[in-house]
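Just below is one structure, and these are the notes that go with it.
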Amino acid sequence: MMRGTTVPDVLAFSNVTLIDGRGGDPVVGATVVVKDGLFSDVYPGPADLPADVKKVDGTGKYLLPGFMNGNVHLLDGIMMMGIGGVEYLARYEGSFPRVMQESTQLSLRNGVTTVFSTWDATEPILEARDQINRGEAVGARIFAAGNIVGMNGPFSPDFNFGARQSISPTFADRLDALFAAGVGGALTMMSEADARSALRDYIARGVDMVKIAVSDHLVQTIGRTSYLTFPQKWLYWMAEETHAAGLPLLSHTTSLQSLELAYEMGADVMIHPTWTNNLVIPDELIEKIAADRVGVGVQPMTDDYSGRLLSKGNWWGLLNSPQHVQNEKKFIEAGANLMIATDAGCTSHDVLADLGEDLHADRPWTIGEDHFTWIKALRQRGLSPMAAIQSLTHNVAEAYNKLDLYGTIETGKVADAVLLDADPLADSENLRSIVDVYKDGRRVDRDNLPTHALVTAPTGSPIPAL
Amino acid sequence: MMRGTTVPDVLAFSNVTLIDGRGGDPVVGATVVVKDGLFSDVYPGPADLPADVKKVDGTGKYLLPGFMNGNVHLLDGIMMMGIGGVEYLARYEGSFPRVMQESTQLSLRNGVTTVFSTWDATEPILEARDQINRGEAVGARIFAAGNIVGMNGPFSPDFNFGARQSISPTFADRLDALFAAGVGGALTMMSEADARSALRDYIARGVDMVKIAVSDHLVQTIGRTSYLTFPQKWLYWMAEETHAAGLPLLSHTTSLQSLELAYEMGADVMIHPTWTNNLVIPDELIEKIAADRVGVGVQPMTDDYSGRLLSKGNWWGLLNSPQHVQNEKKFIEAGANLMIATDAGCTSHDVLADLGEDLHADRPWTIGEDHFTWIKALRQRGLSPMAAIQSLTHNVAEAYNKLDLYGTIETGKVADAVLLDADPLADSENLRSIVDVYKDGRRVDRDNLPTHALVTAPTGSPIPAL
Amino acid sequence: MMRGTTVPDVLAFSNVTLIDGRGGDPVVGATVVVKDGLFSDVYPGPADLPADVKKVDGTGKYLLPGFMNGNVHLLDGIMMMGIGGVEYLARYEGSFPRVMQESTQLSLRNGVTTVFSTWDATEPILEARDQINRGEAVGARIFAAGNIVGMNGPFSPDFNFGARQSISPTFADRLDALFAAGVGGALTMMSEADARSALRDYIARGVDMVKIAVSDHLVQTIGRTSYLTFPQKWLYWMAEETHAAGLPLLSHTTSLQSLELAYEMGADVMIHPTWTNNLVIPDELIEKIAADRVGVGVQPMTDDYSGRLLSKGNWWGLLNSPQHVQNEKKFIEAGANLMIATDAGCTSHDVLADLGEDLHADRPWTIGEDHFTWIKALRQRGLSPMAAIQSLTHNVAEAYNKLDLYGTIETGKVADAVLLDADPLADSENLRSIVDVYKDGRRVDRDNLPTHALVTAPTGSPIPAL
Amino acid sequence: MMRGTTVPDVLAFSNVTLIDGRGGDPVVGATVVVKDGLFSDVYPGPADLPADVKKVDGTGKYLLPGFMNGNVHLLDGIMMMGIGGVEYLARYEGSFPRVMQESTQLSLRNGVTTVFSTWDATEPILEARDQINRGEAVGARIFAAGNIVGMNGPFSPDFNFGARQSISPTFADRLDALFAAGVGGALTMMSEADARSALRDYIARGVDMVKIAVSDHLVQTIGRTSYLTFPQKWLYWMAEETHAAGLPLLSHTTSLQSLELAYEMGADVMIHPTWTNNLVIPDELIEKIAADRVGVGVQPMTDDYSGRLLSKGNWWGLLNSPQHVQNEKKFIEAGANLMIATDAGCTSHDVLADLGEDLHADRPWTIGEDHFTWIKALRQRGLSPMAAIQSLTHNVAEAYNKLDLYGTIETGKVADAVLLDADPLADSENLRSIVDVYKDGRRVDRDNLPTHALVTAPTGSPIPAL
């Protein structure tokens, strides 16, 4: 048996208010039966249940699909864009899969049963994923992209190049190579044939999706130039290779031009399409993205939080520009397939202390809290409570083409669920009123998460043995 | 009368060996008559000359077209990529046109009567050009591109971003804006319509050609990623706008992908097409470029010099990679329209002193010596003496579509000429044996160049009054 | 005749209120006669004057000694401690004496007839001084220390070492050597005999005083460690050499320990003795300094200004700490020989623009305004209007042992004077109500100062010819 | 029983060649008996031994006192002066005592039974020391100074201040505070009374000796200025407090002036007194230091190694200057109490890889090899083989006033010994021919050292559990 879980044979939620993720009206008094890790039956009212079933009285409670997060970076990518990432990577090198699992445990404790890691060191994330899948570690289910194709590692200009002034080049090169995983910026300096072959090799490593850096990630040049990484014809064969392998295709874009290219290459999921160098996305493009049901992974921030950032001279506050807000609203109004995509990871105590305590609440990138913050921010943009729930469940699964197994509570699907004791349609903040979380039909032992704290352990703790 | 020149009514070179730039055999004993600043008559042998003509006895001498340099940066762009540019820009701000003129005077003293500035601060270069054209200042004739479209200024990541750690932001921003001239990297963050309009406005300022940053100029990321600046469809309308204005279109490329895009957009002149992240350019592309007579502005280095650089740990030596050399040879063998394109400027005493005296000889970027060094380096790659002369004259004019007036000694063309007293076909080093330089039919007073030394004045001199 | 001045044979101020600098009650209706550049007669009432005298009607006006500033850095030392100094030094190299003169012209325009430059590049400051003394340039009279013994140049850790990341080492080394003038930090690495000999050579260059870096100038380490530069026994022979040459001895101190050492070595003038790492100076030491009439060159800041700095995160605001203020007050209360010592210089437009317009008013280091700001700040600490005037005149002369010629209006002294039309004892701000300034008995042509603007010329102007 | 050791009741070395550390001729055929961790009997020839004694046949072998190293930094201080220290500190925070123990295990494996840590984080080094003393961890015996009084932590200007550009301030401040331990540079900014009180508190923490930063540790300013940390009168009371506590007083000096002050304050041990900014130490001072039997902890480098460093542009090679070598020779010739003082620590794989494999051999700072390298280097300066052995044993104990228990093989002393199988007087390299090491009378299980590799484990290993 896996640590931190309990395994009943059969489980039934009775007299529960079911919000199944499909967007319809809640079903009051429903019965939901779980067997062999799947939802085996869903009844709109009371139902006869076998004697050996473990009954969960759902009276006054709300059953939702397990939450999904369409975009996380379990090693905390945000942190690697600034100071603090150096120590983090040095401290946990050799333990990255465990840090990643710790991240997902923080999510799981708060209802997230599935995360899509759209950038993380490839080898460790696949190991972390496989260990969880094999039941060797607890955590939210991971689907992983590994590296973003065309992007370099944490000590490159894509992240914190300046750190190289202070750290060992051997260390920096080793980490950068680990993250680049053979499909970093070097691809742009290969012949087309070699680049395509490198992508194929990468896909063969077993990643669950492919994310393309359509535009650059040179945040330090913000406000100066926005580059494209690949010629358009390269994007087409990248899409071809990805889809040929049956994988979803994701785009990283930071400009209007790259967003157009991402659409043209056929991205299934767009990560932060609303970042367009503060250009308002033309209606026509919004509509095409909405019509094609492309996953729109926005990264909102509450107005209050961006205000607090800016008042402290923290440039991250600029992300919440009026144009960005307008883009968010346009996607909402167009009925696009909006999905949660927070970029969150498990931030170190030191970086949080640097930030200042008054910037902890509503920080969009602190895993575990991130999905609640996301909902709060998008509610300010006009997202309805029901649409919010769908963004957190159904829409993620739809975007990643995983509706067959995940995202809703329907017969035959994987029994990931969250039980609340306050109505999330009355107030989205009630999404926090978690009574229990179920993953693969098993109740999660939330009180014991994380199981082996590394990043969240007291500062200066040695790394604990497994 | 302009300072530094003498103006005869009519001038005739008699009994001279004429190497007219068209590539044919030298004509021994030729007579060349100059009138009103043009070559009025060219005779293969002796000719009757009017009484009032000022005769120049060409016996034992060689007459060649005035040299042209297809790519210079008169404010010394190379220097701005490293340390030393800060002081240079601070010291000469307010005097940039004079520094540019000083640069061209160093060229002119060594036979170069026309230079193409393919990157320089726009407003000052146009002023420097116009002052020379109006006879208010001495110097080689300037054709100017101003900024490279899509490129930022000297204190941006395109050059020396790190300098901003030490200098006034007000100063840095002012200089960056001066160089960007409205068509910097900000273009990539505009809507397509706004960007096109900005380019039109820029062309209307009176530049002589338009150079596009097809790829990035982020030298500090060399070895990591090579970016593209604009979507391909943008390149097409940039070409359209440029050609509609009757101007040559130049490309800045640093990768194989960007070189292909440059070809596809219809570049008339390609600056350093041989820099391809050390990929060998495919035969097919070489042949198309050669067939279309695109100006191929290579930037060679002698093997000896790159060896000296590398032995001192100077990364510029890496530019002379085996693949780069092979690209140079392939263009030569394909009979491409090879033209001189040195990137040279007037380097400060301090930067030269930093470099070390043993790296002064054969330095490719020291204006005045640059064209001789270029010839020396390309001769090592197999360029014939006659082809070398054409690269220095005819080919530049052809590439820039200026053969109607420049590049050869033919009746009706502008009377720019260099008189040598040793045979440049016997030994290309004899191109240094300059007896006299003529520009617009007037003998240049080479002994008094530069006329008002700024950069070449002793270190620490105050800026002299005009 | 010197530019910018007029030279009457004999001049007399009649019916003026005389505040002669000696601290006594003002004399209403006084007559002051100037002849041959000296005050030839001072009468408490009307006096018979020769026919050829040029009379200045002083009715309703106030005559004060020419102001003196006991501590300036004419090349703007404050600026060299941060960004902006690089461009300044690059731009004006070769013109330093002229920049220094421009600085003193800004002072002179505002009543300051004598300045003590206690740190400036030695050779240029001596040249600037001598040119003014010979009447070849206009400006306040300069007394110069040149370098601070033991301190390094602008691109050393004493100032802006980080700038060396961006600038030519040849340039940086040249400037550093110019400022170090043979008595920089290298002294600390010589044998005692060699160091003493270097100091003697330095004194022989003709400096007017000697300033010793008793403690370090490593502002970037503030809050961490405060070092001493020399062993105490070295300080004793430095004092010996200085006094043997008949020069005043100045101390640079930044800690309580170094202040004690400065007192023990016999400093005549103490620059910023109140900076003690925020330790309150013990009464006993205050009293000894007061009793010995050591010049106490404090550097106050108005509370309002430090508040504005701190609200913008500008660390300079920390200088105005409660302990620093207490030290100022203790010196005032002890009746110490308080003298103005502003550290001001002629700041570049760019650095001022960086600072922000709301930080221009009351900035203590902007020459020309600096002495008014100093008075304003010390008035907040309890300095009386009369004591303020003495700090600005008599006390400076006393500290530097120059009361024989300067600092008061008395028969036989140099005729430096300021004529006001509002009572500076009623309100110290009335020191700004300058009608005329006289230096060496000549009226200063204030309207034409500066005579050849360099630093204060519009940004980007070329350096004007003399 | 402690891991990694064996405990016989009584042990005897028979027929061994005894080199007892006192400097006399070797005794061939000696018998040395160990009981209760002490040398209980030393016989010049065979001796009757009890039946239960465990005999060690010393035929053909050489018995020496356990080696001592008078100056190590177990967390690798050298590394913290450059890049690489950041990752090291981040990785091992929380495990510092174990890293320190690993360092001493590398020493112990190579014969060093006692080390004097003259700079290391105070709390961890005391813990590491106590754990070894209590038998809870294996390692050489540690005597610890903790911080150097007046010196700041690893992210201060004393070490790698620049690292603060890239790391979390919370992390940096925490580490700096850990190292400063209340007696860092902040002392220089306290009143004298507060500073003295802070020193007393520090001594009360249980350090084994007190080391004073007489001069600065600002290596980045080398060649510019050499500072003093404290006024001379402070040094006197620091000596007083230290000696009153019965502890040895050590000096850190980097200049001739500070060396003189160190002598005057009464230092018992001088660390790197030969570093004098390349001034030759006057004979008189050398003689006084020798006469007083001050421990002279030189840090030599082989000429070959410094040559290799310099040929790679590595500035550390400059340490081996002609003047430094001359200082070493002068101390040898004066018969000073020369003792080994290597500054070595356990360097990370990454930093060693950065250095390049060709700079590994003879590197003076790699613990375990350091004492052999030290001997090799000083042999080049003229140290005799017997004097070399004494520097490695007797002299260290003498300098630290510990000859009562350590440093020689004499009855009643602690039974630390090294058994060699080649004659170290014939060739000092034979010191490497270690057969066995004994500490406290127990044979060290050298094959199992280190017991729990952290730093020497393969790169990227997670920290192992104890």
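Letters A, B, C and D mark the chains in the order given here, with residues in each chain numbered from 1 onward.
By our rule, a contact is a pair of C-beta atoms (placed from the backbone, for glycine too) under 8 Å apart; a residue touches a chain by one contact, two chains touch by 3 or more.
Just so we're clear, the structure is a prediction, and the values are computed from it rather than from any experiment.
Undergrad: Roughly how far is chain B from chain C, going centre to centre by Cα mean, in whole Å?
TA: 51
Undergrad: Mind checking the centre-to-centre distance between chain A and chain C? Centres are C-alpha means, answer in whole Å.
TA: 62
Undergrad: Can you pull out the residues of chain C that are in contact with at least two other chains?
TA: As it turns out, chain C has no residue touching two or more other chains.
Undergrad: Considering only which chains touch which, how would you classify the arrangement: line, ring, star, complete or other?
TA: Its topology is that of a ring.
Undergrad: Can you identify all of the chain pairs that touch?
TA: Per the contact definition above, the touching pairs are A-B, A-D, B-C, C-D.
Undergrad: Could you pull out which chain D residues touch chain A in their complex?
TA: 83-84, 86-88, 90-91, 93-95, 98, 160, 162-163, 165-171, 174, 348-351, 353-354, 459-465
Undergrad: Which residues of chain A touch chain B in their complex?
TA: By the definition above, chain A touches chain B via 150, 152, 156-158, 161, 184-186, 188-192, 216, 218, 220-221, 223-232, 234, 255-257, 260-261, 277-279.
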